[in-house]
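Before any comments, here is the structure.
Letters A, B, C, D and E mark the chains as written, and numbering starts fresh at 1 in each.
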Amino acid sequence: MSTVLIIEQILNGLQFGVMLFLMAAGLTLIFGVMGLINLAHGSLYMVGAFAAAAVAASTGSFLLALAASLAAAAIVGAVVELVVIRRLYDRDHLDQVLATFALILIFSESTRWLFGSFPLFLDVPKALSGTVTLPGGIAYSSYRLMIILVGVAVAIGLFLLISKTRIGMRIRAGENDREMIGALGVDISKLYTLVFALGAALAGLSGALVGAIQSVQVGMGEPVLILAFVVIVIGGIGSIKGALVGALLVGLTDTLGRVMLPLFFANFMEQSSATSVGSSLASMSIYILMAAVLIFKPTGLFGRA
Amino acid sequence: MPDIVLNIQNISKSFGALKASDGVSLDLREGEIHALIGPNGAGKSTLISQVAGKLKPDTGKIDLLGSDVTKLSIAERAKLGLGRTFQISELAMDYTVLENVMLGALGKRGGAFRFFMPVMKDAELRECAQSAIERVGLSRHMHKITSELSHGQRRQLEVAVALTLEPKVFLMDEPMAGMGAEGSKMLTGFLDDLRQQAPILLVEHDMDAVFALADRISVLVYGKVIATGNVDFIRNHDEVRRAYLGEEAT
Amino acid sequence: MALLKISDIQASYGASQALFGIDLEVGDGEVVALMGRNGMGKSTTIKVICRLLKNSSGTIDFAGVSIAKLPAHRVARMGIGLCPESRRCFSNLTVYENLVAASRSGEWDFERVIELFPRLGERRNQYANSLSGGEQQMLAISRALMTNPRLLILDEATEGLAPVVRQEIWAAISKLKAETGLSILVVDKTIAELANVADRAVILERGKSVWSGDFTALTPEISEQYLGV
Amino acid sequence: EGHGKLKVGMITTLSGGGAGLGIDVRDGFMLAIKESGNDNVEVVIEDDQQKPDIAVQLADKMIQSEKVDVMTGIIWSNLAMAVVPSAVAQGKFYLSPNAGPSALAGKACNPNYFNVAWQNDNLHEAAGAYATESGLNNSFIMAPNYPAGQDALNGYKRFYKGELAGEVFTKLGQTDYAAEIAQIRASGADSVYFFLPGGMGISFMKQYAGSGVDIPLIGPAFSFDQGILQAVGDAALGVKNTSQWGKDLDNETNVAFVKTFQAEYGRLPSLYASQGFDTANLLLSAMGKADVKDADAFRAALKEADFKSTRGNFSFGNNHHPIQDIYVREVIKEGDVFTNKIIGTALEDHADAFATECDM
Amino acid sequence: MISERFLNYTVALLILGMALGAWAMDEPFLITLTTKAVILALAGVGLNLALGQGGLISLGHAAFFGLGGYAMGVLASHAQNFTPIMETPFLIEGTNSMPIIWLVAIVVSSFFAFVIGLFSLRTSGVYFIMVTLAFGQMLYYFSISWPAYGGEDGLSIYVRNSFPGLNTLDPIQFFGICFVVLMVVIYGVNRLTHSSFGLALNGARQNAQRIRTVGLNPFKIQLVAFTISGAITGLAGALFADLNRFISPTMFSWQTSGEIMVFIILGGVARLYGPVVGAALFILLEHWLGGLSEFWHIYLGVILLSVVLFARGGLIGALSKKENTNA
């Protein structure tokens, strides 16, 4: 494999990582910072993508579509928080698992009921549909470059929000002891509704952004959910920096694993089975990564005990 | 010196730039209460944690009943006969008082790997647990869930669990805290007797109790022992008064 | 006029009743000691005042307003600052963050709190769960002050503090009382030290307020009877 | 048609991500039943949720409680493998409207099992044949790493005579193909053959279109189905794909089918709908000739395949799998709708490669 | 409010009655359905030991369920094809005998549970959930791409395995086997819960520090519990494979782990019969709602949601008062 191709694949891995971060961003907030296991995160991702597809289809504007994805997911998120989630904060994780699992069922089938069983169309905007040439002569999709920029911006924004602002401190305090932060005069319920809506909006935004280069369909959120959990856990729960590093690691491992492992095995077996064995191992690679990280650092890379 | 049951030799422990233990040497002898006092953050709990095995010292050595335990785990040290209470209660909060104490009794028996016989019907264990509960005065609350106990009651429970282990050495981190005036008085009397059963390394900010109980007192400041001696010696030690006691001793 | 006035409060934890009739008043600028043996309902009374536990009957007025129906955060914003039993510092936040999370504008701010407890300044960026017990206690007191309350509630706030520090805190409290007219409701076991600051005392027994009066009227006989010392 | 009642049990995927296919099969099937006006057929429909164990339970239910005579409906090969062998072993007829795993065409073929769609490899074989015929001799081939994916690449290679520029197995359910696209770009291939069913194909084609790589794509019909094309949009235009059916196939049955399906359901029929429709018509044709209680006669009637297929000529080989033409289609835009146009025939009267292993 | 013990007996009798009633009315499918509930309940009882008693929230129990299933699949398929599993260094042949298959399933899954536990128990809380998930996913992807036993397609076994003296192909007899296994396991788990081990295990869940301080090793205790738990779930996997006469990688999928967990939460975490009630209810809903509408998952979701929101402690928790463990 040529050096340029290797560099390109590393770039691909990094961009996949940033994309993963974008998908995990909302979850970092809800799960990492608020301490709520929200399996329905993938559903909010789907809501964003569907809202964007619907608005794009009727207005033709990608910007409006993005706005719609933010708004729809935020509204759905706020409603879900008010109706369901707020009853779950003082429950243990298991009740949260069951309730949000139920939400997945409701969301997926309602979406199918509203939009039908077929995937929807959502395309990248014309202005970003081409490629740009990076130094070294690599042609790179401009849309993906835009996703990277948005992802990095979200990472920085979230980091500042959580670790530097008073709101961020209160959210984290609420995760530790809700009753106590209330007794200190913080309306934690309202704060949590807002945070949940923000997390949902981020999920929705990433659904729309990533949906444009993937398939907008019912169930699109579920693989994302697992990946996002993996990313956050590798990075260490509650740490935005960790989530970003985790996402990049997962992106690199997955991409390079897919590319390199078959080549590696081709050294000792014939092509066809090398491809097959290599890609089998590649599909396990991120889980092996996660297990390895946790075995050596039981609270993730940047997590605190 | 055969009567030294716990010998802490030149222990050091740092957290980053902070030296929480700085060359601490201490011993505890048969039949005595050795009080460890010092300002907040002086490193008392850190020292206790190292003796109990929760933290590993950076350097130094700890001998318990004549054997080197520096490398042993918490559970192994407990098995050797080390009993401890915590500064902030560590209890199984969903369990009743009795169940919590039964855990201690199980530990005393030396293993939990019995899978079939109902443990709460085990007369031997129950006896052991109930007598400990009685000794700390919690009998009335035996079947109460721990999370429903008041703060002070939890402290009593903590002592009861340690008692069931019939330890040969006690580590107690602020047992009086939260006990209330009457509770403290009762506990003081109780510890007074207990020292015959097993010597106690006692961390406490309640000076009434310390002065009433301690055979010897060591003062820890910034991770260093600055003075060791009997009650009068410490009470009148200038540096100790400045750093720790304030006007109280006068 | 009384800043805080509660009368005939009853309250339960689930099925088990803990309070059977509490009457209590804290006047403006007054320091009131709440006393009683272990498990008699001191902390429960405080929880009811701070709306962390609902009372089943009785009235609670703060600054002339009934607060029995308000959520905890509203009551806190009206000016009740709580330093709870067993500290409850936010263990996943640093010292600084603990304080900022609680702060509301007023004369107490980070700088002033650090003056009171220099130790916290040294530990500024340390996570609360790695603080020593006494340091956590200082943090909990400071955190309550950061809300700039009119009524400060200290539930065993000097537990685990070195005698010097305790003396400093009592001195600070006396000073506060004198200078700012802060009202304080305090639970503490050291009667001797309370005597220097407390104006009045209320004694609880089995969930009932059984004695109240000027602190000076708290004779050894009464202590013996209700507090066991 | 006086040959008595017949009960059909249809197990298909009606909920979750793969529901589109099951719904099309069901709708096509029910359209044929409705058009026939034959009220001796009773159809029981159940949703397998695309889970093998649920499918097995449902099959038990159909056989034990509903006492159906004929079963059909399963979309996925792995579900078919879970249900079919035991259903036919219990004497039921099974008509496959979609899945065609190689085992059931070869060694494990069964007199009571009829496949009305294709053997899994067929469309891939046709693609290989088409590539060879078009003078392509350096293909990059790609499929997910699971049995159907491995079959797909093997099928392609069976009829493709050129070199391979690369062979890649992706992860099942993969959504990002940047790495594969980079490999394709670097491989110097003259064509890319890919089998990525469902959302995987949509993602791949969108990303491929955005990558600026312009090596021509070829695929099996599954990724170019009516339901999927609309979601891919322009990115699919011009792509060649192989199929045994097209909506523009010019025979009487098909023209009528396309029209009535559209009228009935308000959408264009898909490949799967046509297969469901054909399956029902096969069944109806057999019912006209024999009573299902007379298994031998009924089996013989099925074997004749005496029905008007939307595909034109249709017959069964020894292993009860289709012998049929497989076409090459191109994705075009008709007004606002993306659809396929047949541009040629890849393989004529094609039977599958496993028929010889079947001793029927 | 009724006592939990009474409720438990009622549930056991209801299940038995259901199967016998279906048998009397000649509704074999209903028996099959009940059997399925019983088997899944068994898997839940296994997980509940780790999750309810030990607080070890494993999202990887599908691994053991799948291993049990594949133990059955591998042994039975070799027996079916008369090919040995292994010839060197010594000969291992397939088998059709249920008891042997169970034994293998238990040994294999407890071995894996031990190894997985050894690594996973270093972590706790959500990290534990995710490491167990990771191990489950590794096995899942392995089973998909391992061609020998069908890969993603799975593997069919044409006849159900045999049990000495019984005709396992008769639904009611097979039900009987599964029901007895479930009852025996529940009895064992109940004894274990109230034993010294149970006390320590529950204590370790609440406060591991406390357990250490009394001289017990929470890691060992949890590892043993996790291993037993995996073994029970593995046994359930073998039975499940036999029920369907089919195995596939979906047995390993995280959705399977999730479903087993849902049974437990639905019925009541740490309740002896929690998984039984949960599994029975889930199967009932799935079966009954499935016929109502194409969009029946919406109803299922709403029902599950209502249970969590309004029935704290699951169904058993809502219906009964907590039994005093000291009784």
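The working rule: a contact is a pair of C-beta atoms (placed from the backbone, for glycine too) under 8 Å apart; a residue touches a chain by one contact, two chains touch by 3 or more.
Everything numeric here is computed off the predicted structure, so don't read it as measured data.
Listed here as common contacts of chain B and chain E: no chain. Ranked by separation of Cα centres from chain B, the top chain is D. Among the other chains, the CA centroid farthest from that of chain E is the one of C. Rounded to whole angstrom, the centroid-to-centroid distance between chain A and chain B, based on C-alpha atoms, equals 48 Å.
Computed from the mean C-alpha positions, the centre of chain C lies at a distance of 51 Å from the centre of chain E.
Chain A and chain C have CA centres that are 44 Å apart. Annotation: 28 Å between the Cα-based centres of chain B and chain C. Residues of chain C in contact with at least two other chains: none. In chain E, the positions touching at least two other chains are 144-145, 147, 295-297.
Shared interface positions of chain D, defined as residues touching 2 or more other chains, are 15, 19, 145, 150, 172.
In summary, the structure contains touching chain pairs A-C, A-D, A-E, B-C, B-E, D-E. On chain C, the positions that touch chain B within their shared complex are 13, 16, 37-39, 43, 85-87, 119, 123, 130-135, 137-138, 156, 159-168, 189-191, 223, 227-229. Those residues of chain D that touch chain E in the shared complex are 14-15, 19, 46-47, 51-53, 56-57, 60-61, 64-65, 77-78, 81-82, 85-86, 89, 101, 145-148, 150, 172.
Of all the residues in chain B, the ones that touch chain E in their complex are 52, 54, 73-76, 78-79, 83-84, 86, 90-96, 98-100, 102-104, 106-120, 122, 143, 161, 164-165. Only residues 31, 37, 84, 87-88, 91, 93-95, 97-99, 101-106, 108-110, 112-113, 226, 229-230, 233, 237, 276, 279-280, 283-284, 287-288, 290-291, 294-295, 298-300, 303 of chain A touch chain E when the two sit together in their complex. Against chain C, in their complex, chain A makes its touches with residues 166, 169-170, 172-173, 175-177, 179-188, 238, 304.
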